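Which chain is which? They are A, B, C and D, in the order written, and residues in each are numbered from 1.
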Amino acid sequence: MPSSPLLPKLMKAHGVSRRSFLKYCASLTSLMALPPAMAPRVAYALETAPRPSVIWLSFQECTGCTEAITRSSAPSLEELIFDAISLDYHHTLQAASGAAAEHAREAAMKEHWGKYLVIVDGSIPLDEPGYSAIAGISNLDMLKETAEGAAAIVSVGTCAAYGGLPQANPNPTGAGAVSDIIKDKPIINVPGCPPIPMVMTAVLAHYLTFGIPDLDELGRPKAFFAESIHDRCYRRPFYDKGLFAEGFDDEGARAGWCLYKLGCKGPTTKSVCATVKWNDGTSFPIEAGHGCLGCTEPDFWDNGGFYKPLSAPAGNYRRVGQAAVIAGVAAGAGGAYLARKGKADALANHETVDAFTLEKEEKES
Amino acid sequence: MNATCERGVNALREQIDAPVASFFSSCVSCGLCADACIFFQETQDPQYTPIRKVELLRRVWENEYTLFGRLKSMAGLGNKITDEDFTDAERLVYDSCTMCGRCSMVCPVGNDITLMIRKMREGMSAAGHAPVELIGAAKRHTKGNSPMGDLSKAIQAQVKHASAETGIEIEFDKPGVDYLVILSAQEIAEYPEVIGAMAKIFKKAGVTWTISLEAFEATNVGIQIGNRDVAKYLVTRVVEAAERLGVKKVISPECGHAYQAMRWEGPNLIGREYDFEVVHIIELLDQLRAEGKLKTSGKDSDKITFHDPCQINRRGGINKEPRRLLNMVAENFVETDDAGTMNWCCSAGGGVGANERAADLKNAAFQLKKRQFEKVAPDKIVTMCAFCHHTLENALEDNDMDIEVAGLTEMMAEYLVDED
Amino acid sequence: MNNPNFDLLMFARGPLFDFALLVFVAGVLIRVVEILVLGRKKDFSKAKGKPVQQGIKTIFTRTLPRPGAIKANPITIVGGYVFHIGFFIAFLLFVPHIALIEELTGLSWPGVGRVIIESSTVLAVIAGLALLYTRWRDPVRRKLTTWVDYLVLVLSLLPLITGYVAVNKLFGDPTFMMALHILSVDILMIVFPFTKLMHAFTFAMARYYNGSIQGRKGAES
Amino acid sequence: MRNSSKSGADLVQLMGAVANLPTGNALPILAEIQEALGRLIESGTTAVIDLGSIPFTGGDEKILQEILGDGEVNAVLNAMGESFVQETAIPGVWRVDHYDLQGKTQARFIEVTFIPDILRTQPEDALRGHEMLAERLNERTGANEKGG
């Protein structure tokens, strides 16, 4: 029975003790920023939640999000969560292809109409349906069709959440985000390029246990996107001390100084990268020596350049500056001409005065 | 050819140059100039804030010499200058300003407000808004040879008297001598002792000098009124006499604005350098002292303080010279507060003394001097400007203060070494 | 989906900054050219001192007040110092600002830590408020002050306040506050050439002229 | 530039020092513990405080440790990584720190309880233990039978 809870059986199969499961639930509760008293409820929900049917749609994407979520170095409970879902359609992972694969999707939709979860990675081309299609069905049609019977949609990765790289200027395909198209379903955005796997699992766990998490104005779960990377960055003390790397290979960079001047977008980027980190907590981009690109934010490709400091102007200031000098000098010259002329006229109009013409007519007598 | 508002505006237009434009561009309305002004200090009336006194000049500058001002005028938002504006400025530009220059010293952005008052007066006088007393003096000086009228007879009598008293012959209009001495009308009328004093000192120093009967008057009411044409006319008399006589130097007497007129404004009024040098009498005395040609013996035991004339010290750069001289002859020399570069005006310079309308303001301003003198309580106040001398003498008397006032030249002559 | 806060930030950093830069650079150039072109008549009087040297010297020496001046106008002078010094420390020594200047001009220098930047900012704001107060309360300054002066003072304080709020995340979305911070600077740049903010450039000219006029006479300045 | 490597090391130290400055959150937490302990005595209500949910640095930990101290029980769990369950010198107040397989901190809790749940053997595990023991006994007896 696909809808029966599978987790206890899986745990047993993997030789995971219940104590380990409780420990995991406690940690998960903390990660989801839920009160610790909720831990037993998390455990209960995970144990009893029916195994949901999940349809994973991949559109204009690079498969990085799928890679990230399937690349765990050690077997973990995160994997169990994924095992707990019934991934009925994922055209990269599933064995079936072509018509058979589409049948699987249709069958799953039919069987779980109104209850299945749709996960989307990749953006949707809106200019021309033919830019991206699967089995002859355009991404737009497939999303609309699949979303109709969905209980909720999780937009995984910045492309699905906000348009991402395909939408970057000049946006050749007219790429749009899921939320640009689907307006009548709850959508959880888990942006990132790719998102942190642990965040994806925690969001799924939250969905499985308590439904849609608390979202911010950009549709992101607040538990993972409330604080900026800058706030929790281990290099922050250097920022506060005024110590900044000037190049990627200078002494400051090697000493671990702040990467702000090298274009780090940490201050304007909300994500838990600096605390949860990547590859099972090994590191994150800033720790690896590169500034944050701001990948969890909309339009991050076009926000003024990856290597330009956040405080630097982002427009055509060089050309404008030159134009300003020319305009200033030209207008100054015009003003100068008028001023000089005014003064010359004044001097030409000078009436020589003597002691007897210092008074006004009516006063003189 | 009569004074009109338009003539006044045009004169202001002529006066605006890069310094003025930079001053107005820089003013941040901090108000620090107010405390530098003797009239504000004594009245605490904010209208006497120095920079406010030149508002009219600022308006002309904004209207006519700035792009944004021009655009404003084109949009009908400009400000039209009327004769009333000039009338309103009279009391600020003439009555409550002695052009003492203290405000120019304190302005944090470096505005020379005093210079702008001088320029304002060009416009005021051209528009017919100069004080009547000063206009009268200008007329008298133009027609005669001094602002007090014709002083030919008086100067001849005073010179004769000095000659008789000192036994030194003083020749008028003698060509080829070292120095041409010019005097202020105040000295001729009130303090003629200075003539004898100079005669004695120059004789001892072995320098030759003369006085010109055609141009003996050093003062220049054109500078006080603020009219360059009048000032030029008056300064030309002295320049012509000096060059005709072929003197090396013209000695500017103990008179503040005369020094400004002769030494600093004169060449610019006539548009060329002089063929001679202009030195202030105190500068000259100090030079003679340095050369060992001025020797004194004995010292005055009175408690003496020194009053710095604004135009000679702050605006003229003669600061250490009088002190070096005074120390030769004064045993008990005490400075007042703020003495030197930041000294306070005698209260009546820059034409204020002649201006009846400003009498109350002048009296109010003197109270500051009074307090300073009371603090030092000197027996004698020495100065190097006949008009300061005159003002202090009268004001002290009006305020029932029994303090003697003396000119420095006269005092130096008194202690000249008597050997032969 | 867009982040309106980030879009505002990009607008402030992008097109509006470009416009502000245009107005600022062209405006300041016009104003400076306009002053210089009026020129000065040749002075025929024989110099006693050294006008050029004293002019240059006065640019610096006039930075210090005359003895006694502080006592007479404590708020204006002390407030003025604290405001200017604080403003320039926050502006010129905060590394993100240096990064901006480096981007524009290629010039760079070391910055200082947050403690110094933030205390300077706080002091500058307090000083600015004190200056505002004395403008409003003191009869001399009240009479001199136009509405533009009040506006300029307030506009000069806004970048300090918004910057402090943004960096410390006191309230509001930090990205939004950062956008407001840059917006406030853009506005300051735009009003700059039209107001007394020009003194930041012309004070050196004014002090030079004053010094050289006095210097010619051998008088102090 | 001469001393830069040295100053670099100093700065790393400094960075650590700055990161470990107490945030001032230790005392409020202790007050909360005191209150929770009262409730535990009165009504048997247990409480859990998640130290990961608020800014809590090494400096804060030190203050907490100074005041709570070490108690009588000190258990190490080996459940998908280590967990340390220690009773503090204040009986009824427990520290529960979970680490993952890589030894990274997963979660830090203060539990105010008579015994942390995680120490108890879970019925499901006991059930599995019962099965396992039966299997093992079966194997042994089976082997004995064969061998005997």
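Assume contacts are C-beta pairs under 8 Å (C-beta built on N, C-alpha and C of every residue); 3 or more make two chains touch, one makes a residue touch a chain.
The model shown is predicted, which means the values in this text are computed figures rather than measured ones.
Peer 1: Measuring between Cα centroids, which chain is at the maximum distance from chain B?
Peer 2: D
Peer 1: Mean of the CA atoms for each chain, then the mean for all of them together: which chain is nearest?
Peer 2: Centroid comparison flags C as closest.
Peer 1: Averaging over Cα atoms per chain, report the distance between chain A and chain D in Å.
Peer 2: 34
Peer 1: Take the average of all CA coordinates in chain C, do the same for chain D, and state the distance between these two points in whole angstrom.
Peer 2: 56
Peer 1: Distance between chain B and chain D based on Cα centroids, please, to the nearest Å.
Peer 2: 90
Peer 1: Provide the C-alpha centroid distance between chain A and chain B, rounded to the nearest whole angstrom.
Peer 2: 76
Peer 1: Which residue numbers or ranges of chain C touch two or more of the other chains?
Peer 2: Counting only residues that touch two or more other chains, chain C contributes 30, 34, 37-38.
Peer 1: If a residue has to touch 2 or more other chains to count, which residues of chain B qualify?
Peer 2: In chain B, residues 16, 65-67 touch at least two other chains, as defined above.
Peer 1: Following the definition at the start, I'd like every touching pair of chains, please.
Peer 2: Touching chain pairs, listed by label, are A-B, A-C, A-D, B-C.
Peer 1: Taking the complex as given, what residues does chain B use to touch chain C?
Peer 2: By the definition above, chain B touches chain C via 16-23, 25-32, 34-35, 40, 44, 46-47, 49, 51-52, 65-68, 104-112, 115, 263-268, 270-274, 277, 313-319, 338, 341-342.
Peer 1: Contact residues on chain A for chain B in the complex?
Peer 2: The contact residues of chain A facing chain B are 331, 334-335, 338-339, 342-343, 346-347, 349-361, 363-364.
Peer 1: What part of chain A is in contact with chain D in the complex they form?
Peer 2: It comes out as residues 8, 12, 16-20, 22-24, 26-27, 29-31, 33, 35-37, 39, 74, 76-77, 234, 237-238, 240-241, 243, 251, 254-257, 280-281.
Peer 1: Name, in rising order, each residue of chain C that touches chain A in their complex.
Peer 2: The touching residues are 1-3, 6-7, 9-10, 13-15, 17-19, 21-30, 32-34, 37-38, 93-100, 102-104, 108, 110-117, 169, 174-175, 178, 182.
Peer 1: So in the complex, which bits of chain C are touching chain B?
Peer 2: Residues in contact with chain B: 30-31, 34-41, 43-46, 48-49, 58-59, 62-63, 65-66, 68-69, 72-73, 76-77, 80, 135, 138-146, 149, 194, 196, 198-199, 202-203, 205-211, 213-214, 216-221.
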